[in-house]
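Both complexes below contain chain A, partnered by chain B and then by chain C.
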Partner chain A sequence: MKKVYFQTGLTGGAKGSSYFELGNSKVICSVLGPHEIKKKSEFSINGQISCKFEYASFSHRGQSQDRSSKEAEISDLIKTALESVVCLEMFPKAILDINFLVLEEDGGVISAALNAAGLALADASIPMWDLITSSCASLCDNEIKIFPNQSDEYCPSNDGLDMEGNVVLAYLIASNQIIFYHTDGVLSKESLVDANKKLIDTCKGMQAQFKSHLLKSFCEKNKN
Partner chain B sequence: THVVEVFSGKELTVVPSPGDVVTVRISQVTQRYAKCQILCIRDVELSESFSGLLRKEDVQAEQKDKVEMYKSFRPGDIVLSKVVSIGDSQSYLLTTAEDELGVVIAYGEGGVPMVAIGWQEMQCPKTFQKENRKVAKVVSELFEFEESVDK
Partner chain C sequence: MAVDNTIIANPLKLLKYTEVLEYSLKGGLRPDGRTPGEAREAAISSGFIGTANGSGCMKLDRTSAVCGIKVELSKVPLSYTKGNFSCKVQFPAVCSVNSRKGQIQQTDICNSIELLISELIEPGIINLPGTEKPLIKLEDLRILDTNWVWNLDANVLCTSYDGNATDVCIGAFVAALKSLELPAVVVNKDDGKPLIDENGPRTGLALNSHPFSTTFALYDQILLMDPTGLEEEALFGNSLTIISDGKEPIKVSKSGGSISATKLREAINIANIRQATLFQLMMDNGESIDK
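Coming up: the complex of A and B.
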């Protein structure tokens, strides 16, 4: 499985932040707020989340493409997932800014972003129902690759290759709920069921690592 | 389910809720209301302020119709108030209709912080000019204030 590395509290200006590495993929997540909604026309009894997902211009190999539509789509997907975890009713009329920056892309970027979000929200002490963990896999001819590289990831333009598809999943362990589930391609029921089990197990392993890191960094911060 | 609350070294995730005593700075005074920025919620200092509104009928407990806003608050005053409700999309609704609520720090026309000389008046220690404010009954703070002014 790919090497995973993460750190929290790196961005000084943000309330909470995290850096997540999944193999060569690198994502920074920063959390700001909750602060008053500047656009005063809307009233909401619950808090809101503003999610911004961006690729750095140097994040991929090859020619630069216009990724704004992909960025907007991923921003929306992640926002829906985060809305189910954060206790929005605890900050009415306020908005939480969650920003993602992909420094390098090599597969599993959405999954890395969701993991980074879980860590950054915990670092920012935002009230949540559970800790977010995420994993992804590519299915190719009954072979399930957890955390695939970009070359192993299913892509609609990969003609001739024997790919079935991708699955990205984000999981809450204490509540045993899946908050994000995204598939690409044509997948068979058996391989999906098998993949889900493996992905959830990967998430459980990640959560143990996250928890021990968060506890350690909290103790270090509050030693005085 | 258990609820675990974690207090990290950073600013708490606080938002004004009804009943909280908040510290505000008055930004605009009209005949019917005063607009202000909420700087602190209870004892937590905010990095970004929220908007608050103090209506004429919420300034004092008695004689609500005899209140003159310009004789109760001026822009720049630091006021202790209580959150009445979440209000609307523009601002939180606040009140100073209690003895302990009202102006705590105000600068006079001389540019120097004024000293309270009653529940409706403050005086500038430099020019000795008196100005009207709805003063808060914060006893210990008044003494600290006089000490710092003497220096």
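Coming up: the complex of A and C.
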């Protein structure tokens, strides 16, 4: 399995931030707020989340492309996932800004972003129902690979008959709920069930690391 | 004793920060516990982003910037001897501020750093040409005996801001240039089209020098090295940036206020020493990073 590295509390201005490395993929997440919504017409009894996902221009191999539509799609996906886990009723008429920056892309970027979001929200002390963990897998050549490289994520088979696709999953450990589930490609029912089991096990494995890190950084912050 | 900026700054933001500075400087220290001539702890690393041809990162406590350089081939007429360079400095969403005033300030900072970097590569492009040597030779970017050149596209992203974006952005840029590797190119003899050979030998760029910048905020003829966000905001418009190559200043940029000649010489000396420190830091880190 790929190496995972993360840190929290790096940014100057943001309330909470995290840096997450999944193999070679590197994502920074920062959380600002909650602060008041400027336009009165957008007031809502529940808080809102604004999510912006950006790729750095040097984050991908090959020629530069316009990825703004992909960025917008991923922003939306992550926003709906986070809306279910953040206690939005605790900050009415306010908005929470969650921003992402991908420094390098090598597979599993959405999963890395969701993990980074969970850590950054915890670092910012935003009330949440549970800790977010996320993992992804790709089915390539009849083999399920957890945390695939970018080359594994898109591997068209030679005869076009084999199943191939990707699954991304975000999981809440204590409540045993899935808040984000995204697949693309063609996957058989058996391989999906198998992938789900492996993904949830991976998430449970990461949970202990996240918890111990957050506990340590919380104690350090409050020592002063 | 060092004072944690975050805890004490919030209630004192209601007062003028210049009063906080004045009170603190009477005791010879700045509000965050540093002396006026002391910079925050720096960290530089390069070559850590695999998808970019060159990458660099510089961090001064809570201000940090990442620079990535990508190269592309482009066809030019045979008489053209130089490659192209373009640079963009940005505050991405992870580092942006909400207020309109803050956004305008960030745009101004980006523009000024872009100008400084452009001047390093092509001196004389903004001001009158002098005898400065450019940082890299754009002629090196030409692929010999062909009419293809490399285009360098540098993108500096300030990932975290707490004052002094100039130093970290320029430091990240220089670290990225140092780690830049141009891939090998094979030109097809039949149709003249180039092919990038991913497994071929890569060449680095020869740098004329390794300039680093030192920024001071000026408070009443006292040079405050490496200002934090609050100091910069309070002393807005009174700053001095010196880009030095170790022996002499390449660029001195002074915005607003006045400074005596002796103070300026003192600042230039500090900048020269700082360049040596940062250069050593960059070389030490460069060897321990696995690409």
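We adopt the following convention: the second predicted complex is superposed on the first by the 214 of 224 C-alpha atoms of A that agree within 3 Å, B and C clash if a C-alpha of one lies under 4 Å from a C-alpha of the other, contacts with A are read in each partner's own complex, and residues count from 1 in each chain.
Heads up, the rule we're going with is that contacts are C-beta pairs under 8 Å (C-beta built on N, C-alpha and C of every residue); 3 or more make two chains touch, one makes a residue touch a chain.
Computed from a predicted structure; not experimentally measured.
Aligning the two structures on chain A places chain B and chain C side by side, free of any clash.
Applying the stated contact rule after C-alpha superposition, one finds that A:Pro127 touches chain B and leaves chain C untouched.
Residue contacts after overlaying the shared chain place A:His35 against chain B and chain C alike. Once chain A of one complex is fitted onto chain A of the other, the partner contacts of A:Phe43 are limited to chain B, with no touch recorded for chain C.
In the superposition on chain A, contact is made by A:Met90 with chain B only, not with chain C. Once the two complexes are overlaid on the shared chain, A:Ser57 sits against chain C while remaining clear of chain B.
In the superposed model, A:Asn222 lies in contact with chain B only, and not with chain C.
Using the contact criterion defined above for the overlaid structures, shared-chain residue A:Lys15 touches chain B, although it does not reach chain C.
After superposing both complexes on chain A, the closest C-alpha pair between chain B and chain C lies 7 Å apart.
Overlaid on A, the two complexes show chain B and chain C touching the same residues of chain A, namely 35.
Residues 10-14, 17, 24, 26, 28-30, 32, 35, 52, 54, 56-61, 63-64, 97, 99-101, 103-106, 224 of chain A touch chain C in their complex.
Within the complex formed with chain B, the residues of chain A that make contact are 15-16, 33-37, 40-43, 45, 47, 90-94, 123-127, 218, 221-222. Remark: chain B residues 6-13, 15, 47-51, 86, 88-90, 92 touch chain A in the complex. By the touch criterion given at the top, residues 4, 7, 49-52, 55, 62-64, 66, 68-70, 72, 88, 92-98, 153, 155, 157, 159-162, 229 of chain C touch chain A in their complex.
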